[in-house]
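Some structures are shown below for you to check.
Paired with chain B in one complex and with chain C in the other, chain A is shared by the two complexes that follow.
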Partner chain A sequence: MEKKEDLNPKNPFAGFNASLMKDDDIIRYWAEPHLLFGRTALGIDLTGNIPVVLMGGRGTGKTMLLKFMSNDIQIKRYLDEHRNGSGFLEKLNYIGVYHRFDGPSLASFDNRNVSEEAWETIFKHYLEVVIGQNYISLLSNLKQSGCIRFPVNNERLLVSKIFEFVNKKASTDPRECTLGSLISAMQDKLDNVFDFINKSALSKEAVFTDDIITSGKLMFGLPNLIQQYIPELQGKNIIILLDEYENLRLQQQKIVNTLIKHTKLPVTFRVGTRLNGFKTFETLIEGEFLMVDADYRQILFESVLLAKEEKYATLLKEIAEKRLRQVPSFRESNLTDIKELLGKISPEDEALMVVFGKKMRREEIDKFPLERYISEVKHVKEMKTLLEGRHLSQAKELLPKLLNPQNPLIEMVNLLLLRRDYDTDEIIRLFKAYSDRKKDNRYKKFRSLYEKNKLGLLFQLVSFNRPTKKLYAGFRVYCMLSSGIIRNFLELCYQSFNRAIFSDDEQLVKRRIIPISAQTEGARTRAERFLEVIDRIPEYGTEIKSLVRSLGAIFYTWQKDPRLSEPEVTYFCVDTTSLSEKARKVLNAAVKWSVLQQKAPMKGKDPGEPLRDVYALNHILAPYFGISYRLRGRFPTLSKMNLETLMLGNDAEKQRVIKKLSREEHFEKRGTSLLEFVEK
Partner chain B sequence: MRTLIQRRCPDIMERNKYLWEDCLSEKKIIMWLENFKGEFSDESTEKEIALDLLRHFLYYSEDEIRHLCKTTLSMLKHEKIREDPPRYLGGKSRLLLSGYLQGCIYSYIGYLSESSSHLLYHFRQECNIPISQIIEPEILSPKKVKECLSENCALIFLDDFCGTGQTGLKFWKSRAKKIQKDHPNTKIYYFALVAMQMGTSRIANRTEFKMISPVILKEEQRVFSDLSRAFPDRKKREIAKKMCGGYSERLEGKDYKYGFGNSQVLVGFHHNIPDNTLPIFWSDSQDWEPLFRRKRKRF
Partner chain C sequence: MISIKGFVDHADRLPCYISHVDLFISAISSEERFARGWTILNEKKVKVNKKIIFYFNEVLDRCGNPEKDEKEFDDSFCVTGSDLRLRVNLYDEIEGLLDFKDYIEKNVSTTKNINIVTDISVMVKPYIFLLLKHLSSLNMKRLYFLYTEPVAYNILTRGTMVAKDVPGYSGAKDMRKKDALIIMLGFEGNRAVGVLNESNPDLTIPVNGFPSYKPEFKDRSIMENKELLSEDDILKNLCFAPANDPFETKRLLEDIHSQYNRRYNLTVVPLGTKPMAFGSCLFAMEHKGCRIVYSYPKEYFPKPSNNWGESWMYFVQF
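== the complex of A and B ==
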């Protein structure tokens, strides 16, 4: 009986960790990131000769990319589309072998009985065996899938040659001279390594009995040998795809760095690592370093993805579509466009919802009594107070000239100009020029003020109308919240789908949109979860959390600055060279775990000032602090002392610095409640 | 002049602060630059070349020297592991290797007051060598070796720098060769913290020393070679060569025109600067203001 498809909506975004995905899932969910592959013009070729280091935060898609480039996935994908493997190798200019550095097993290459030098030798040997085994699995994979065909003697000859390579004698029995027996032999070698690791931890009598394979012998030697026997592989790069490089210990990184620096074609490397995952750039050769551009090219995932907003949005849309297609109810209803499902809410629409408490039609607003509007709407009340302060008798006449209930954000611009002490008549003239679309200088000035500040002003409008909270909804907003980290986007979708499906799954399919409230709640939950796990960062988790909470509190006050001198503050500058070693380590760890994102260094505001390092709070946290998800306003450079206090100080010291760095007026108004973020 | 330093070597003061033990001051660099008066090219070009040379100067601080000592010993341990993997890769490897290091005899190349003897202190600290295993070369006879050397252990001679290899060759002929003859199964090592490729080749070809050196200066590090990293541009390299050769010859004579034995290197240590380095950096003859003063030997 044919299995009936389940037509109940299921969350398509459950399961987003590539290292836990099956090969079939990787193929199913794969969307080619053209932004990464299309960088040959910059000298970065993901399939070319030069090693490439793929650097990115957690969930940026490094593992997905590396796994996708592996021969296992490529062959499987080819076989899904073709009847057999013939022609597979003609299409590719490379063959990838994937290996993930697993933290716990790497840590086991260390105990007090065995000297560092002995561990170094054993680790080099282990690496050779692991990669060697991968090569042989590759051959077996190619053979089984029909991508290559061995004449019988060739396979036996190659196998016995490889046996010689690994210092083992091949069996004289031709039945045992197979790729399978080679894989088992390599497995025996690996077992020997781990056997020694276990025994040496317990006893000094443990002896490493296996023959040591010298560094590079299999890694660089085997591909040459294989290419001699399999002509189809000639001229192809053999790409070693190393994932989670950051898990390597310092000495182990030196070993891998040496291999990368002295790589021998056709072998080349693609290395996936977290930001700041390099503990060292040194190699085993004294005074020799791995140098970006000279020895390898580097791709910073977040920067590449965020550099082209449109292309990033398209990539996210494609990724989401693949997932939505896997769920029958969405597929059947042709509901596979995440852009449609998340929809769009403009700042102007949101402003109307904030002011009137619900979505209002144009006609309804026109009918709203002006007197009630003036007496009830909070930002208008402030405009009135300011005008009364300036022109007591004329305030009543002047106020309607500054109002535009159809777009409260325009009124907020007028309020801003009043707060900035603009002449009232000039404000009226600017506003009129804009309303009449006169296209003169006044029109341009007002339009520029409006466009640059409207999101910042929306945040202020929300704060006038507490307990109303800022919405975080819509496809574009989700793209920005994700901060160039694909997993952030998937998790945002996951949370909002969970809410939508839980509250009413039928409505979701009928209305074809996830309610804004569900999206905002989803974004908030994601932000909370992100913040929660900061504590668990093994190195300096507490310090990072302390810094993040403090920054969130400070940024929150800045966006409420009445004069909006810096709108939407979400980043800070610091001279890292002045910091203590510990503070630098905290910052590096925060970047490594993508809590902070390092941006291009900036010049100080004074011409003579040196370049400052720039760190932005990951936008995924914006819903938690109620702050913006864009990089706009600049926060004054943080001094060494202030930054270190926010990271490492006690509560009283931190509160003092927060108070000092906040916008004073706002701090005074809100009093201690401002510190709620810090104290939580 | 200050602007010139900032423009040509914006990082020089940083390097000085963090890597060079703050041994230079801006004033000292300016005074050194004042030496170049435009005798071989125009003055500003000469000063710029001097700063280019300074940018490529390799200075080994006390910390780095200690690190190099550690690395040298680590290389020796690796060699032992390679020789006998089953023995030295086991659960007792730490114990066996430290036992091996403590059984070796350590001496130095040169005289007691020379820089190489100074290194013994670091070596002793790094691997906990008993003082009884440290023997001055003057009293190191085959008989003494027999008394002090543990079974299967080696005799190790230390040096900070091996340039042309001449010192090593002399030492081999005058002392080590005799010991090797009486103890043919004993390995005799020559440890040089920094060595030039030409020196290591000479030692390997003309002695039975086993050479270990963590830093080997290649042809690219010779400032006037065709592969020079300091002056990849031929035209500029020729001007620099003329200038450095001119001043250096006047200061220290023909033998030192490009550093001793035509070494053409830019190396200095916390404790001294080898004469293989261009004399314009270290000479104090004829009122020349050196950047790193070389403590000269008096025999």
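== the complex of A and C ==
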């Protein structure tokens, strides 16, 4: 019986870790990141001769890209579209072999029972065997899928040549001179490595007995040999795709750096690493370094993706569409546009919802009694108080001239100007010019104030109306919350779909939009999860979490600054050269795990101040702290002492610094509850 | 290949199996259960010839009066001149074990038939892993272990230092196979997800301790690992092994091995109870290809448990 497709909506965004994805899923969900592939103009060719280092935070898509370029996926993809493998090699200018550096096992290439020199030799040998075995698996894949056909005797001849290469004697029995027997022989060599690792862990007497393969012998030698025997492979680059380079230990990185620097075509490298994943740029040759542009090109995922906001949004839309298409109920309803499903909510609409507690039509607002508006709406009440302080008798008459219930954010601009001690008449004139669209200087000034500050003012408006919380919804907002990390976006979608499907799956298909409340809740859950994960960061998880909680609390108070001297504060500057080694390591680890995102250095606010390093809190955390998801306002440069206290200090010291750096007045108002972010 | 057999019995039945102990190994801790095994031996009037007690520097450092407390620990174990107080660092199990090994080689005649009893109740897992590996390399025919359950758990650890292969248990990865991760669930879900993310396995099998020491413990480990278990592909593989029986853990791992070994490299992550971790090591010693990865914490909390419950004896025969 034919299997019927399940028409109930399922969460299309479940499964977002490429490392855990099956090959079929990688093919199914693959969306070509043109931003990355289309960089040949910058000298970066993902399939070309020069090694490329792909640097990015967790979930930016490095593994997906590297795995996609591997021969396993490329062959599978070709076979999905064609009846057999013939013609496969003609279409590609490269062949990729993928290897992931497994963190837990790399640490075992080091113990005090064996000298560092010996470990270096064994690791080089191990790497040669692993990549060598990968090459042979590649040949086996190509053969089994029909992508290559060995002329009679060529396979046997090639296999016996490779056996010679790895210092092993080929069997005289032709039936045993196969690729399979070669793979087994390489596995024996690997077993010897692991046997030595296990024996040497608790004994000084362990001896490594296998023949050592010198660095580069298989890695660069085998491809040449293979190309001699398989003409279809001639002229193709053999790309070694190395994932999670950051897991390598310092000495191991030097070994890989040496291979990258001295790569020999047709072999070249693509290396995936977290930000700050390089522990060293040194090679094994004294005084020699791996140099960006000279030895390799570098792609910083987040920077590339965020630099072109529109293209990034298009990529996310494409990725989401591939997933939505996999779910029959969405496909059938032609509901595959994530932009449509997430919709859009403008700050103005949200402001109305905040003030009136629900969505209001224009006519309804017009009918809302002015007396009630003045007596009940909190920000208006503050305007009234300020006006009464200035012009006691005229306040009642002046206040309506500053009101615009159709757009409370405009009223917030007027309130801001009152707080900034602008002359009342001038505020009225500015507002009038804007309302009348006079296009004069006053109009421009008010418009500029409005456009620059409206999101910051929305956050203030929300804080006037507690327990109402800021909404985090809409496609654009989700794009910004994701901070250039594709997995963030997928997880945001996953969480909001979970809520929408759980509350009413039929409504989701019928209304064709995920409710704003579900999106906001989803964003909050994602933020909480992201924060929880910080604990897992090896070595510095606790310090990073402490810093993040403190920064979140401080930024939150700045957002409530009555004069809004810096709207939407989400980043800070620091002179990293002044920091202690530990503090620098904490910052580096925070960047490596994308908790903080390093931006281009900035000049200090005072003239003559040197360039400061800039770190932004990952926007995915914004819903947790109730802060902005944009890079707008800057926090004054953090001193060495304050920053180090926030990450390394005890609770009392931390609270003292938080209090000092916060907008004091609001700190006092909220009392200790502000510290809920820190104490949780 | 070595073959390991064994069984579990109540600790107070140890005299039914041995009349005397040639070497008793234990450790100090702030936990109330730390000397429970020793007390049982005393109560049952089992003669003990020699003792090696691991005195963790960090435990002593945390004491208000290290000298006084050291004396109290001595008294708890009735340490005499012929016994060894091995001062070691909690966070350096390799150095600690090398000291232990050195001492054993010089001072203890390890003939096949001597009786060694090790109380693993308060030893941190990395010590248990290495101790077991070393003791098994002494060519003994049998070994005895004691374990006392706690009544309640407090906070166990803080932060993660690194997730890495346990020294000596790196297995042998077969590049032709996929990777399977078997996670013994503990009370710190973060550590489980951390290892999962570091390892990126093709298959994940979580194992919950059931029956647990107390009924609520099994639910706690599920709750604490909700993030890991929220993945359908992981939850569907959930298995159970008794929290206090290492041989049942080993048996479960044997079943998993026979089912998956042909296609997968097996890695065990023993984050559950100590008996489950102990069983994982027994399994890995028998299956040289299998690997044990442990998430080493940044800090062990001084008093991870309260009071004591049932005490068990594990008889291991090689």
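As a convention for this text, the second predicted complex is superposed on the first by the 675 of 680 C-alpha atoms of A that agree within 3 Å, B and C clash if a C-alpha of one lies under 4 Å from a C-alpha of the other, contacts with A are read in each partner's own complex, and residues count from 1 in each chain.
Rule of thumb we're sticking to: contacts are C-beta pairs under 8 Å (C-beta built on N, C-alpha and C of every residue); 3 or more make two chains touch, one makes a residue touch a chain.
Small disclaimer: the values here were computed from a predicted structure and weren't measured.
Overlay on chain A: chain B and chain C fit together in the combined arrangement. After overlaying the two complexes on the shared chain, residue contacts for A:N153 are found with neither chain B nor chain C. Contacts of A:I183 after superposition on the shared chain: chain C is touched, whereas chain B is not.
For chain A, the partner with contacts to more residues, out of chain B and chain C, is C.
In the superposition on chain A, contact is made by A:D191 with chain C only, not with chain B.
Using the contact criterion defined above for the overlaid structures, shared-chain residue A:I212 touches chain B, although it does not reach chain C.
Touch criterion met: A:I122 reaches chain B, while chain C stays clear of it.
After overlaying the two complexes on the shared chain, residue contacts for A:V114 are found with chain B alone; chain C is out of touch.
In the superposed model, the angle subtended at the C-alpha centre of chain A by the C-alpha centres of chain B and chain C comes to 80 degrees, rounded to the nearest 10.
Applying the stated contact rule after C-alpha superposition, one finds that A:A14 touches chain C and leaves chain B untouched. Of the two partner chains placed around the shared chain by superposition, neither chain B nor chain C is touched by A:N650.
Taking all C-alpha atoms of chain B against all those of chain C in the superposed arrangement, the shortest distance found is 12 Å.
Residue overlap on chain A between the chain B contacts of one complex and the chain C contacts of the other covers 112, 199. For chain A in complex with chain C, the residues that touch the partner chain are 14-15, 17, 19-20, 100, 102-105, 107-108, 111-112, 130, 133-134, 137, 183, 186-187, 190-191, 194-195, 197-199, 201-202, 247, 529, 532-533, 535-539, 541-542. Considering their complex, residues 112-118, 120-122, 196, 199-200, 203-209, 211-212, 286-287, 577 of chain A touch chain B. Looking at the complex, you find that chain B touches chain A at residues 14, 58, 68, 71, 74, 77-78, 81, 85-86, 88-95, 97-98, 214-215.
For chain C in complex with chain A, the touching residues are 94, 97-98, 101, 130, 133-134, 137, 158-165, 167-176, 190-191, 193-195, 197-202, 227, 231-233, 288, 291, 293, 298.
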